[in-house]
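Data block below; observations after.
Order of writing sets the labels: A, B, C, D, E and F. Residues in every chain begin at 1.
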Amino acid sequence: MLLHILNRSPATSLVYRQALTAIGPEDRLLLIEDGVQGAMPQLVRHFEGLEGRLFALREDLASRGLEGHCDPAVQVVDVDGFVLLTEEADRTVSWY
Amino acid sequence: MSEESTRENVADLLVILRHGPHGSSWLREGLDAALVAAAFGRQVSLLFMGEAVTALVRGQQAGALGQKGTAATLEMLAMYDIDTLLVEAEALARFGLAEQDLMLPVNRLDAESLPRLPAEHRLVLTF
Amino acid sequence: MRYAILLLGAPYSRQASHSALRFARALVARGHGLEGVFFYHDGVHNAARLAAPPQDEPHLVDGWKALNREQGVPLQVCIAAALRRGLLDEREAARHGKQGHSVEPPFELTGLGQLVDLGLRCDRLVTFGP
Amino acid sequence: MSEESTRENVADLLVILRHGPHGSSWLREGLDAALVAAAFGRQVSLLFMGEAVTALVRGQQAGALGQKGTAATLEMLAMYDIDTLLVEAEALARFGLAEQDLMLPVNRLDAESLPRLPAEHRLVLTF
Amino acid sequence: MLLHILNRSPATSLVYRQALTAIGPEDRLLLIEDGVQGAMPQLVRHFEGLEGRLFALREDLASRGLEGHCDPAVQVVDVDGFVLLTEEADRTVSWY
Amino acid sequence: MRYAILLLGAPYSRQASHSALRFARALVARGHGLEGVFFYHDGVHNAARLAAPPQDEPHLVDGWKALNREQGVPLQVCIAAALRRGLLDEREAARHGKQGHSVEPPFELTGLGQLVDLGLRCDRLVTFGP
């Protein structure tokens, strides 16, 4: 199981599609930086099929005022949770 | 501001903002250009396109390392007499943001009126 | 676990440096070893010794230095990426006949082979892109 | 290489290239990482995704100011024993590129096989 | 009449949509740098409705080996033609 | 006509600098006046005096200097964007208590007001983004 990390918004960048192309059936996806926009209810549909494997970084949601705009399908983790996700994965792949 | 008055608006500088806060310096540097122009007495319009609409979300905070963000700067716009805050209506819809989610009153601009804007300003800067 | 970080973004232009520094501190706090931070592409600008950010913003260059001082984390900068971007230590400045330098210890200019070595030697390499 | 052998391929390093030539330094810097790893005796696979498929187009030239581009570097890959050149088939289709448009023989990878790749390498670098 | 300048590929960036949103009915669009990928027959459909107003920079097509992959709907200009386009337009707007 | 150029991309990272320099030469050759090049965002890295690109690649910093020498084009660098990115001339280095400097004439550190002034004074401003 790999951890994929995405830092771009699906609203303006198509990089999320490259990430989706490379994500295996057990892999997880963590949204960080501008990527957390993808956790918003209107945008989370771009990550269909990742139920239970989709995460977003709390600090990056909070600084953007988006904690209250986060879809319940997304699991919110802080930076310690980010480290934990990297521990649990065999390796990480970053998409930017 | 109604669409009518938007159409009549003629100003020196249109600054098009297209990035959200915190992810990059684009938003800050675009706002800095707008503030400086206003401080020099120029008429400035701001257009929030795409991701930049997230810059207007209420309740923003400093970043995890203490990065300031841009919310405080946005609150200063009125002091600089920058009161033409135009927002791409389609972008608000795409992000699912309603007026009560925003920290400032804005003028929604539909896709039909948007192309008139660049022609109505002597200088257009995109950030 | 043994971690390595690859940083590809410039400070004050992209959030990548903030994210990487925050992640570095968190993994050290959780008891992991950080065997090195490798700066490549625009990430080499993190080593700019003359950086003078506004006083109310975090000083990222100093943040990396503190990580080196407190945890002994090597700060390795790709020499090829650095030279073309104007980041030279004293030795490279002399070699190119330039007065002055823009990189100083604890940042060290080194080859890309170090990145590959670091990545394959550690249990995890985490990339922070711009 | 058939899909079958692609599946069995296990190597040290997967370098994912995602940018075209000339527009940025990403492609050059990604290739440099691959070449250095190969020179140090590591097994390297290259995956061309998205815009990077345009790096393989025949007949590239220097830029208008004499920028070298990356075509000459690609021609050196075999010398470095980098012979696993994988290409996202969907990207070739999106750009309308056929095999005779490309300067090197490549292995097309369909969307189903692609996710196996990162798991089959000890280290993955995206550029 | 304004000249819009786009340097990103419609294959990976959605910036071209922002440009299209802002282009007036008489405005022109010039593709430069990675943007010239949009002149390829498979991608030019993203610029529908710009017939006669769509240009691409010859030097950037040539360095990428794409001169022979350029759709006939696109007018190819060299850097002198680029300057001429800026002369003819009231002003320029860049999208990147 | 009177032209101005706004350059927002770093050399050796993005093509923007190449495009801007090529455009600058073409418009001068066509008899236009280039009243200034303004460097902002990552474009400030075009002023890095220590840049040492490979010898078989175009030297962009020298390209801008030649444009200034031959055509008298002012090369204006946003001071706020430059300082946080480690680009300081002798005066700013002294003011910040730093040894050495990374920007030298003909590049001049100046305020954003110059960009607005340049853009409104000229007939055309062309932006080259990263």
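FYI, contacts are C-beta pairs under 8 Å (C-beta built on N, C-alpha and C of every residue); 3 or more make two chains touch, one makes a residue touch a chain.
Note that this is a predicted model, so its numbers are computed, not measured.
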If you check the contacts of subunit B and subunit D, which chains show up for both? A, C, E, F
For subunit D and subunit F, the touch-path distance in steps comes out at 1
Greatest Cα-centre separation from subunit A belongs to chain F
As a test of understanding: of all chains, whose mean C-alpha position lies farthest from that of subunit C? E
Counting shared numbers against all numbers at the contact of subunit A and subunit E, is it over half, same, or under half, different? same
Any idea how many Å lie between the Cα centroids of subunit B and subunit E? 26
Subunit B to subunit C: how many Å between their CA centres? 34
From the C-alpha centre of subunit E to that of subunit F, how far is it in Å? 25
Among the residues of subunit D, which ones contact at least 2 other chains? 18, 22-25, 50, 63-64, 67, 122-123, 126
Would you mind listing the residues of subunit C that make contact with two or more other chains? 12-13, 15, 22, 41, 57, 125, 127, 129
Which residues belonging to subunit A are in contact with no fewer than two other chains? 7, 11-12, 14, 33-34, 59, 79, 91-96
Considering every pair of chains, which are in touch? A-B, A-C, A-D, A-E, B-C, B-E, B-F, C-D, C-F, D-E, D-F, E-F
Contacting residues of subunit F [partner subunit B, same complex]: 6, 40-41, 80-81, 111-113, 115-117, 119-120, 125, 127, 129
Subunit D contact footprint on subunit F (complex, rising order): 12-15, 18, 21-22, 56-58, 63
Spell out the part of subunit B that touches subunit C in their complex, as residue ranges. 22-25, 63-68
Which residues of subunit F touch subunit E in the complex? 1, 3, 8, 15-16, 19, 22-23, 26-27, 29-30, 32, 124-130
Residues on subunit D engaged by subunit C in the complex (per definition of touch): 12-13, 25-26, 29, 32-33, 36-37, 39-40, 42, 122-123, 125-127
